[in-house]
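Going by the order they are written in, the chains are A, B, C, D, E and F; count residues from 1 in each one.
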Amino acid sequence: MTTPAISRFPVPEIKDLPDDIREKILAVQEKSGFVPNVFLTLAHRPDEFRAFFAYHDALMDKPGPITKAEREMIVVATSNANQCQYCVVAHGAILRIRAKNAHIADQIAINYRKADITPRQRAMLDFGMKVSAAAYEVGDADMAALKQHGFSEDDIWDIAAISAFFGMSNRLANVTNMRPNDEFYALGR
Amino acid sequence: MTTPAISRFPVPEIKDLPDDIREKILAVQEKSGFVPNVFLTLAHRPDEFRAFFAYHDALMDKPGPITKAEREMIVVATSNANQCQYCVVAHGAILRIRAKNAHIADQIAINYRKADITPRQRAMLDFGMKVSAAAYEVGDADMAALKQHGFSEDDIWDIAAISAFFGMSNRLANVTNMRPNDEFYALGR
Amino acid sequence: MTTPAISRFPVPEIKDLPDDIREKILAVQEKSGFVPNVFLTLAHRPDEFRAFFAYHDALMDKPGPITKAEREMIVVATSNANQCQYCVVAHGAILRIRAKNAHIADQIAINYRKADITPRQRAMLDFGMKVSAAAYEVGDADMAALKQHGFSEDDIWDIAAISAFFGMSNRLANVTNMRPNDEFYALGR
Amino acid sequence: MTTPAISRFPVPEIKDLPDDIREKILAVQEKSGFVPNVFLTLAHRPDEFRAFFAYHDALMDKPGPITKAEREMIVVATSNANQCQYCVVAHGAILRIRAKNAHIADQIAINYRKADITPRQRAMLDFGMKVSAAAYEVGDADMAALKQHGFSEDDIWDIAAISAFFGMSNRLANVTNMRPNDEFYALGR
Amino acid sequence: MTTPAISRFPVPEIKDLPDDIREKILAVQEKSGFVPNVFLTLAHRPDEFRAFFAYHDALMDKPGPITKAEREMIVVATSNANQCQYCVVAHGAILRIRAKNAHIADQIAINYRKADITPRQRAMLDFGMKVSAAAYEVGDADMAALKQHGFSEDDIWDIAAISAFFGMSNRLANVTNMRPNDEFYALGR
Amino acid sequence: MTTPAISRFPVPEIKDLPDDIREKILAVQEKSGFVPNVFLTLAHRPDEFRAFFAYHDALMDKPGPITKAEREMIVVATSNANQCQYCVVAHGAILRIRAKNAHIADQIAINYRKADITPRQRAMLDFGMKVSAAAYEVGDADMAALKQHGFSEDDIWDIAAISAFFGMSNRLANVTNMRPNDEFYALGR
């Protein structure tokens, strides 16, 4: 029996990668116990790998009023709308862990309007989904609605940027046939 | 702390139900260890309950070349397209159990085109999704494509009827705010 | 000249059907003067036939504040959105008869927003169409809007269930190529 | 009881109209037995009235391999897709009369793919519907497909122009709330 | 090197045209310095040519509270939504000239919600775009919104008619492969 | 008269920026004669700025069989589909310059199917547009179609990554109300 490919494009050996990329991957492996396939898939293109993860970390590892779990909520909701298997499975796992909630990721992926979330989180996801599907219609009324829920201008930028960045990631994962690691499915359940 | 409602409509007590409905529910409870919320939600309307489950059982408990696991695949794929939380969570669990595969339900829900399925199953899901989204465009070419994969006319009816029936179920679940039982999330993982 | 097929699937002879189904069909024939093709098409699957008509009758023959004519309005509006020839032609006829109005069915099928209906009926159809097209977006605001027009919770269930049931019926009719009987076209005009 | 308005805009008295418009309307009235409301609605704007009917007559009264009944088929199919009550009701009547077929208009309006038409008529309507919904995607392959059914370049222009012209007419009728005359509903049935 | 065709259909020689059409074309040529290709493309069908330009002139050369530049704004916004190369390029040029603004046409074509326009112009374009995309949903609330911005009933007719007429024109241009003249691209920049 | 804002978010003074960002901006200014507003808008978030332009440069400044002009074609086509004013205006200018063609950017933005491009470029844009609109449907047949036009696997990655990256950029520009610099409109015409 063969192992299914993790990408339709060539996947480099970790040992052959540039030092900075290899080190980043080994650090993730040490922390998580496995190497998420997005690292191996994107390592095919070192410069894009570096930019991708620099962008990712700037948006997702940021402290602030929008918690890390809430950031993952945006990823999970928009990624299911974009039908991205890798992102829903992998970030669903991260969301379950960060929210310490075994059900929230599936709820949000399938229909965030029916999920066990606060009205503030609902407003956040409404906006993230609008940025994903119809950013060209975003206007002052959207800003006002978010501010009523206590979001600052910088929070709004964060929501939009996370939705936009993972819209890119969703498209890359779908084109590359990026395969979620088996480990993600059960994490945090 | 209150238990979240399982329906936005009144939910009857099991003891107050007509005998046949109470017995069906108790039988399910004995077999599954819990009462799936779809039984309690629909019990608000006994006649519709009876018709719904008679229809469901006629389509889903049927032996034949389309296996029970494959029937659940159709349910899971179309229910995520219809953003039905109850159906994806509950039938995802049944699919994992019937297929003895912990990953297949999430794969199919999110993007069945990237799931670990056979070309025959892919053709089955392509058709089920077309019935769900654009049945008015179904024509002879669809029949021919399915027959090339070995599906008989009766198999094609089955696929179409399952897609159509759960399209109804998805709409009912979304309008009633039908809540998936906690038990479903981890089943079969 | 051959008679056009009424279904792309096999159509049983009435005499070969199980007793209960044959009797139901003969009763309809006696009352209507002809056998609507939905009975013959679905008789190919006796168990599904029984469940289908049990469900149908539970929803459509029910007394209550939503009249039988209004129930048919929901069928006609959603069935044209689903491009279902059988359902628009057959239920259009029933609507004309029940509403004693020769024009209302065509008006509602083509654009219910321009039909000669009351604001309460307009709200009913707005909701039925939303259940048909985007049930996943249904929420508390929809309930509130309907209650303002005097609809009870049970009425709301009825509207949703009729829309959902005929969504299934529309898909079955489109896949089976179910042909409207010639008799329906002129009824009630 | 008041007569429903035939337009949301002012409707002139026939006697107050410019001579050429009044004469055209009276000629139609003499021939048809009534004045179709499109004449009265558009008479609010004499110059647009003249251009509209000159265009209409150039496209619809033209002899050629596409019969007058077939031209009406294009109108009926695209007008239902555009949810135009006036055009489906009025041109449905004309189609029934021209095709000497009491059922064809309803069949085509609801789902032309299931109508009793020839493969050549099906190709004609596929193209007319594409022009209506996505003319920006029309390309050489569409031309080739039509030529295989025997349509000449000039026939293709006709189909496209009829679809485009009635797309305009559908929008005007929907904005003006143009009301179909009662006479149309039963004509040709 | 060959000159690209201006239409996929035959284009007549100016000298062979009926007198009235030839004279109209020569007058445009004298005024503009070139013959816009829409004149040559439509001259293939003299009767349709006459009706088209009579309609066009009735809508676009009309004095009134909606300026000629504003009328072109409606054309440019809806024509980009319909992906009509000829209409965006040609009417973009006319808009730049009429508005004496080198940037406004590109802004409106790409995303009119972000263009340097007044709230009244925004309301006008919102309505024109709705007529183009979903005229069947136009209702009393649209009328009221426009009246709040000072538009009269006749102004509303104008906006709708311009949107509808150019919807026809966009479809004709896309089917005929109507090519914008090179002269239009730089005009008014 | 006030200068219109270039972003709805705060825009830093160049002198206050981190050294690397200030130097990058001044280098662009020296080369182009002005500072494109995307640099100033994104400088509000230095880490995101660095990642964005590292990613951008990795994709757009890359030598290879897909020329720099062709890369801009992908940007222009997808950005108009996403209704992004900044990206169509700015990258339209770059495309005109790189392709030494004053008309190509407008043609591609409005309807790339009608643009003066080669069949290979048409296949490239068909794929870039599919990645933008429906990446979840991308499969082996897309790869095969591109390879028939001579594109390598790495070329296919490039097309997909450019479409995906600018999908992100389009969303950021629409949410921030990023304003195209006046200088872009006339460049290369």
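By our rule, a residue touches a chain if its C-beta (ideal position, glycine included) is under 8 Å from a C-beta of that chain, and two chains touch if they have at least 3 such contacts.
Since the model is a prediction, treat every value here as computed from it, not as a measurement.
Minimum number of contact steps separating subunit C from subunit F: 2. For chain pairs B-D and E-F, the one joined by more C-beta pairs in contact is E-F. For A-B, the equivalent interface among the listed pairs E-F, B-C or D-E is E-F, as over half of the contact pairs agree by residue number.
Residues touching across the subunit D-subunit E interface largely coincide between the two copies, over half of the numbers being common to both.
Mean C-alpha position of subunit B lies 44 Å from that of subunit F. Looking at subunit A, residues 83-84, 111, 136, 174 sit in touch with two or more other chains.
By the definition given earlier, chain contacts exist for A-B, A-C, A-E, A-F, B-C, B-D, B-F, C-D, C-E, D-E, D-F, E-F. Contact residues of subunit B toward subunit D in the complex are 136-137, 139. For subunit F in complex with subunit D, the touching residues are 111, 113. The residues of subunit F lying in touch with subunit A in their complex are 8-10, 44-45, 47-48, 50-52, 54-55, 58-59, 82-84, 131-132, 135-136, 138, 143, 153, 156-157, 160-161, 163-165, 167-172, 174-176.
Within the complex formed with subunit A, the residues of subunit B that make contact are 4, 80, 83-85, 88-89, 92, 102-103, 106-107, 109-111, 114-116, 174, 177, 179, 182, 185-186, 189.
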